[in-house]
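You will see two complexes here that share subunit A, one where it goes with subunit B and one where it goes with subunit C.
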Partner chain A sequence: MPSKNEFDVIIIGGGITGAGTARDCAMRGLKVLLIERHDIATGATGRNHGLLHSGARYAVKDSESAEECIRENKILRSIASNCVEDTGGLFITLLEDEEAGFGLDYQQKFIDACLRAGIEARAISPSEAREMEPSVNPSLIGAVVVPDGSVDPFRLCAANVTDAAMHGAKVLVYTEFIDFIREGDTILGVKVLDTRTGLKAEYRAPVTVNAAGIWGHGVAQKAGVHIGMYPAKGALLVFGHRVNNVVINRCRKSADGDILVPGDSVTVIGTTSTKIPFEECDHMEVTPEEVRLLLREGCALCPALASTRILRAYAGVRPLVADDSDPTGRSISRGIVCLDHETRDGVKGFVSITGGKLMTYRLMAELATDLVCRKLGVNQACSTAETPLPGSVDGRIETVSKRFEGKVTAGQKGAAGRQGDLAGKLRFDSEADKQLVCECENVTLAEIKYAVAELGVRTLGDLRRRTRVGMGTCQGTLCIRKAAKALAEALGDPSLESKLAADYLDERWKGMRAVGWGDTLREMEFMQRVYKFEKPYSYDEI
Partner chain B sequence: MRFDVVIIGGGLAGTRAATELQKSGLKCILVAEGLSLNNCPKNEFKAAGGTVLQGDRVVSGVFEGNRLIRVFTEKLGNEPLEAGQFVLATGKYFSRGLVADMDKVYEPVFNLDIEYDSDRLTWFDPSFAAPQRFLEFGVKTSGGVALKGGVPIVNLFPAGEVLSGVSSAQGDATEQILNSAREAVRAIRRN
Partner chain C sequence: MQENNISTGNFEQCQKCSLCETVCPVMANNPDYGGPKRSGPDGQRYRLKNGIFYDDSLKYCLNCKRCEVACPSGVRIADLIQQARIEFSQKSPKLRDVMLASTDQMGPLASAVAPIVNFSLGLAPVKGLLDFTIGLDHRRTLPKYSSETFVHWFNKNAASRQDSYKKHISYFHGCYANYNYPQLAKDFVAVMNAFGYGVHLIEGERCCGVAKIANGMIPAATRDAKANMSAFSKSLVKGRDIITVSTTCTMTLLEEYPELLKVDNSGIKEHISLVEPFLYKAIESGELKPVWKEGWKARAAYHCPCHQERLGLGIFTTELLKMIPGLELTELESNCCGIAGTYGFKKENFKVSQMIGKKLFDDIASAAPEFVACECETCKWQIEMSTGVPVKNPVSILAEALDLEKTSELNCR
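And then the complex of A and B:
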């Protein structure tokens, strides 16, 4: 009988690629271990626009990526319905674009390229565009409608992890890869460290998959393998409410800060692109120059951004990979990179899946799993493109809401929107369970209890990634105490409350510091008052 | 309308200064945007015979030499409030006593001289719990009066959190705030 530390495949990295690969492998009957050094979706997965690309952005320059995108776009709409919002998208042309050589001739070229890639794209008049999205820059001279949408990457990642676990995968978060177990030219497994207990462990499997995003560079190095990766930092800003309801892009050569995406209760502008050293990947700060650039470009898409409060700034790192076919290492592949290190480097039992994008994670997982299955001699077809993720089986709010007794509350509707049909698992046993903990995002105590019991939540950051608690317009100012208390109690250790709150406040503070002026600074002062002023004014003393 | 003193801001410092000045026999008006939280001290001021201009804010002022002679409010429009002495107790950023943009902090009503650092990267400590420098910024004073372009405005007395170095956002500053109000009261009585 195999030991509990032996698996068919070990996957390193709990981002969307690792989560998708774990799901695919588990669905094909493999015994899977997924390890992640922090929480799921803490790297690039949780640090992007949350844009459900139609592929239009790539249509002119990279038809292969565009075709991949639109295929996966359609698949995600059907298998991940509770993670996706069908906002539609606009590619607008401004006068300055025309002056830069991207006028209406380019627009026609863009539409033709979209149609060739299978992306529905149709030109509309500026006035039609303004009716479709009143916040759009009114001086636009042209617009194209495309099937863009928004996707909640946290929810998508969590759904993949949940489904992998439902198919028998073992998922270890806060478990850091330390080194490989190796015999000659064969990788036999991994040595890991539980970052919370400090305990070390070893796990064995005939195949290990490196799905660690930009950190995969270091993972490969431990196997003695070189992948030419380039960390490309992308900064984004989140605004205090949904300024637009339709994704707005610029119809020109892709550039910085030219995509504005509405998601849940906010709007996100991004991104920049800066090559950074590997050492910076773990602690990036958004610079004033990046903020200025994003604001300037954002206002060109949507002038209202100039007077909208900025909630926070954040940055992610794209795992760009140098093309193996180019010996200079200068040519970067934007596509999916799936490496069999046995054929490429003579290291057996080791596979890397990297490059790609959030949009194509499922395809990346399919390619990696196909390779794993070939190595294991398993002949099972991929079914992830047809099988809905948990939460999306029938995630319509009306259907889910029927499972709750009595009048459906805002919190229950919120949960149905986030957890899809899994919201039926929430227990509203008492009035307290119906109480809202986070009023910006309508998160109830019941949903927090569910997230702790079923979704592996241990910190307020984990809770935020599963439920959006503290992600809305107040950035946790009014709910963190309540959420910390509820979480500490659900974890069975009320003494954790202060530590949970303090860690979360530091994380929110980081995102606010980069945009700390104007109304954001007012919010920051308010936040300091709420959490630091322990002794209220007492007029008795006067 | 003419008063002895116009007190701008109905928080802890403003209500305290207004009540003491009114009780000492000066005719005062308190301009308070105001939360109902402050009703108790405002009522004390009213009981002493003071006038409260509730739900309004001072938007500009007119100077004559080194004196402020009248102010205009949002709601009264062209009707000025004139007085011999003024107290500025508008608080920090949240109450808009100070306004910050990307690389500067200013006092929005009179454009008074401000103590601050133009490098925004120095405004914050990465730890939320640590003291935050931006909360130390505020208007400068010389001999208790505000400065504008380096010149003392001899009848404009800042009090409370609008002052540089005074903040209750990071801990109890009640005594400091009340003391600054009392100092303004003493100086106005002397004037």
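And then the complex of A and C:
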């Protein structure tokens, strides 16, 4: 009889790749364990644009990626309607692009490449572009419409994890991979550490999947396997509100700061690309140079950014993978990298899935799961492309908000937008449940209770990723005590309240510091004022 | 690295400090209203994302603009709310709202048959019917109409002598002084004439449009605004500044035209002034010399209307009134009276309207003045109905307290 610590497959990494793989494996009937050292979506998954690529960006240079993107784009629209928004996208040409050799000739080449890849791309006039997106740089000389959109990576990742769990997967967050259990050339399972309790445990499975993003480099090393990975830092800025409602890209060779994405209640500009040492991956800071560069390039897409408040800056790490076919290790593999370490390195029971992008996570998961199933001798077809994710069965905000009784409040509409059809699980039993905790983002006490009960929330950061609590203009200054109290009570330890709030504010502060001027600086002053007095000096100190 | 922050109504400047919520008279009295921060800057962010986040409760905002006075970040909170109502409200104005808002259309009709209208509107069955049919609250005392409009009176009795003065101003009388209370306008003419100004009507003056804005009749309000701006331009060509008596009309001409109706008033707004600051500055500088009636005495309490607070002009009125030797003046704590133009006339708002005004009514009762001094006509209706204490416009107080003849002798030479 199998013990509770035995599984068919163990997946390391609670980013979108691991979450997607857990879902796929679970849906194919495997007994799944997903481990994540922090919370879900804390690595690169939660630190990107949130762009639902049409694939147009890759069309000219990399038709394979472009085709993958548009296929997955269409799939995500149908299975993750609650996580994506059909904003449409523009690729604009500016005079300076023309001077740099990316003029309207290039635009035609771009359109042709898009069409070959199956991406609907259509040139429109500058005036049509200005009408479609009034914030676009008015001096543009050409524009192409493509089916870009925005995707909420937190929501997408949470939906995959939730679905995996609904199909029987065991999900352990705050559980760090320490080492493999190994016998000869076979990986038998993993040793883990519960980072909150300090307790160690062992879990066994015939196959372990390394889906740890850039941290997968270290995971592979523990198996004695080398994957040539390069951490490439990408910095982004979040603006205070939606400046644009259509994604704006530059129609030229991909470069820094050339994508502007409207996501939920904000707009995000990104990104940069800098190779960094592995040691930096766990504590990245956005530099003034990066901020300057992003602002400069952002203003070329949308001049209003020069006078729009920046809420914060953040950075993620792309896991770039050296192409196995190049013995020098210098060329980077562009697409998905799915490695069977048995055939590649002679290590049995170990698979790595990496490379790729947020957009193609489902395909990555499918490839990895196919490999896992082959190893386990399971013959089950993938159904993730046809089955809607939880929350997205009928998750449009218009439909969901109609289901609440009586007059629909802002908090209920907010929850409908975030939780999709699962918002029906929110319990508005008392007046207090209807009260907004986070007023910037319309988060009610009911939604917080739901997230804590059903979505595996331990910290306010976790709560933020599930509900957007504290993500708005005040970055938690006005709401975080209320949220901390609710969370501490729900976790059964009211004494946690101050610690939870302080950890959250420290993290917010870090993101604000990089853009600490103007109204953001005022907000920081305000935050400091509010919280400085929380622990007054004792008379002895004065 | 960045230029100054620019956003609609400065909504991005909001620090979420919530000071506005502490001064909102509605929030304290109507739990269905989300308050200025949530309805204004917070709501704005989400409305930009999706119009579904427009909340019908924004109609409870009475546009007193106390939130804007309180805001340390310069956010035009009330404007954001009005703008959102204009942009997103799907509901077309009800018959009642159109009737309340069309002060310039109802005025001439009612004035023509004023005795009948006034009599009928005072009758309980009529009030009950209006309440039942169109939702005009039956507990409300309705403003009376005058059988002779100010304009009619002016053209017949005063117009011909105005050219004989050395200095001249144009007078924006507004709907209230014209249709409901011509005595105020007559007092204005008397005072200005005494100080040596010829008073001239503005050819083509229209309603300022504030009631139309409040009731969602934006195209009509915009037409009024444009017509007024072109009429004002003509007046300015003659070198005559535009003097107003109504607080809310003035705020509308100065602030709401560019902010809400997007009607440009630059080059004109600099020449529009409320009568109190105009007179105060001229008397203070010695340009005008008032002569007060011997032995005139009165005890008044000053109520500063919300929009006077927003304009920051209440101080001119109190300083002007303090110049009157025989006037004992109490300044009431600044509180909204609750009527907010047409707001308090609506059945659904009556209760909240009276709850908002309670503090002010109590303060007036304990001050026990002979009358309340106040620049705003709708505050007047509310205070008179709710406290029984008469309300006088500062202009009318001046007309009483000034020795008009001697003032005229001193200023018209």
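In this section, the second predicted complex is superposed on the first by the 528 of 542 C-alpha atoms of A that agree within 3 Å, B and C clash if a C-alpha of one lies under 4 Å from a C-alpha of the other, contacts with A are read in each partner's own complex, and residues count from 1 in each chain.
Following the convention adopted for this analysis, contacts are C-beta pairs under 8 Å (C-beta built on N, C-alpha and C of every residue); 3 or more make two chains touch, one makes a residue touch a chain.
Since the structure is predicted, the reported quantities are computational estimates derived from the model, not experimental observations.
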{"item": "Subunit B versus subunit C as contact partner of A:Gly43, first or second or both or neither", "value": "neither"}
{"item": "Subunit B versus subunit C as contact partner of A:Ala306, first or second or both or neither", "value": "second"}
{"item": "Subunit B versus subunit C as contact partner of A:Gly414, first or second or both or neither", "value": "second"}
{"item": "Subunit B versus subunit C as contact partner of A:Arg292, first or second or both or neither", "value": "both"}
{"item": "Subunit B or subunit C, by number of subunit A residues touched", "value": "C"}
{"item": "Contacts of A:Leu505 with subunit B and subunit C, given as first, second, both or neither", "value": "first"}
{"item": "Touching partner for A:Phe526 - first (subunit B), second (subunit C), both, neither", "value": "both"}
{"item": "Which of subunit B and subunit C A:Gly518 touches, first, second, both or neither", "value": "both"}
{"item": "Contacts on subunit A seen with subunit B and repeated with subunit C across the two complexes", "value": "291-292, 517-518, 522, 526"}
{"item": "Residues on subunit A engaged by subunit B in the complex (per definition of touch)", "value": "288, 291-292, 502, 505-506, 508-510, 513, 516-518, 521-522, 524-529, 531-535, 537-539, 541-542"}
{"item": "Interface residues, subunit C side, partner subunit A - complex", "value": "1-7, 11-18, 34, 37-38, 41-46, 48-50, 52-53, 55-56, 73"}
{"item": "Residue ranges of subunit A touching subunit C (in the complex, touch as defined)", "value": "240-242, 245, 262, 264-265, 291-292, 295, 304, 306-310, 397-398, 401, 407, 409-410, 413-414, 417, 436, 439-440, 442, 472-474, 477-478, 517-519, 522-523, 526"}
{"item": "Touch list for subunit B against partner subunit A, complex", "value": "12, 16, 40-41, 92-94, 96, 99-103, 120-121, 123-124, 126-129, 132, 134-135, 168-172, 174, 178"}
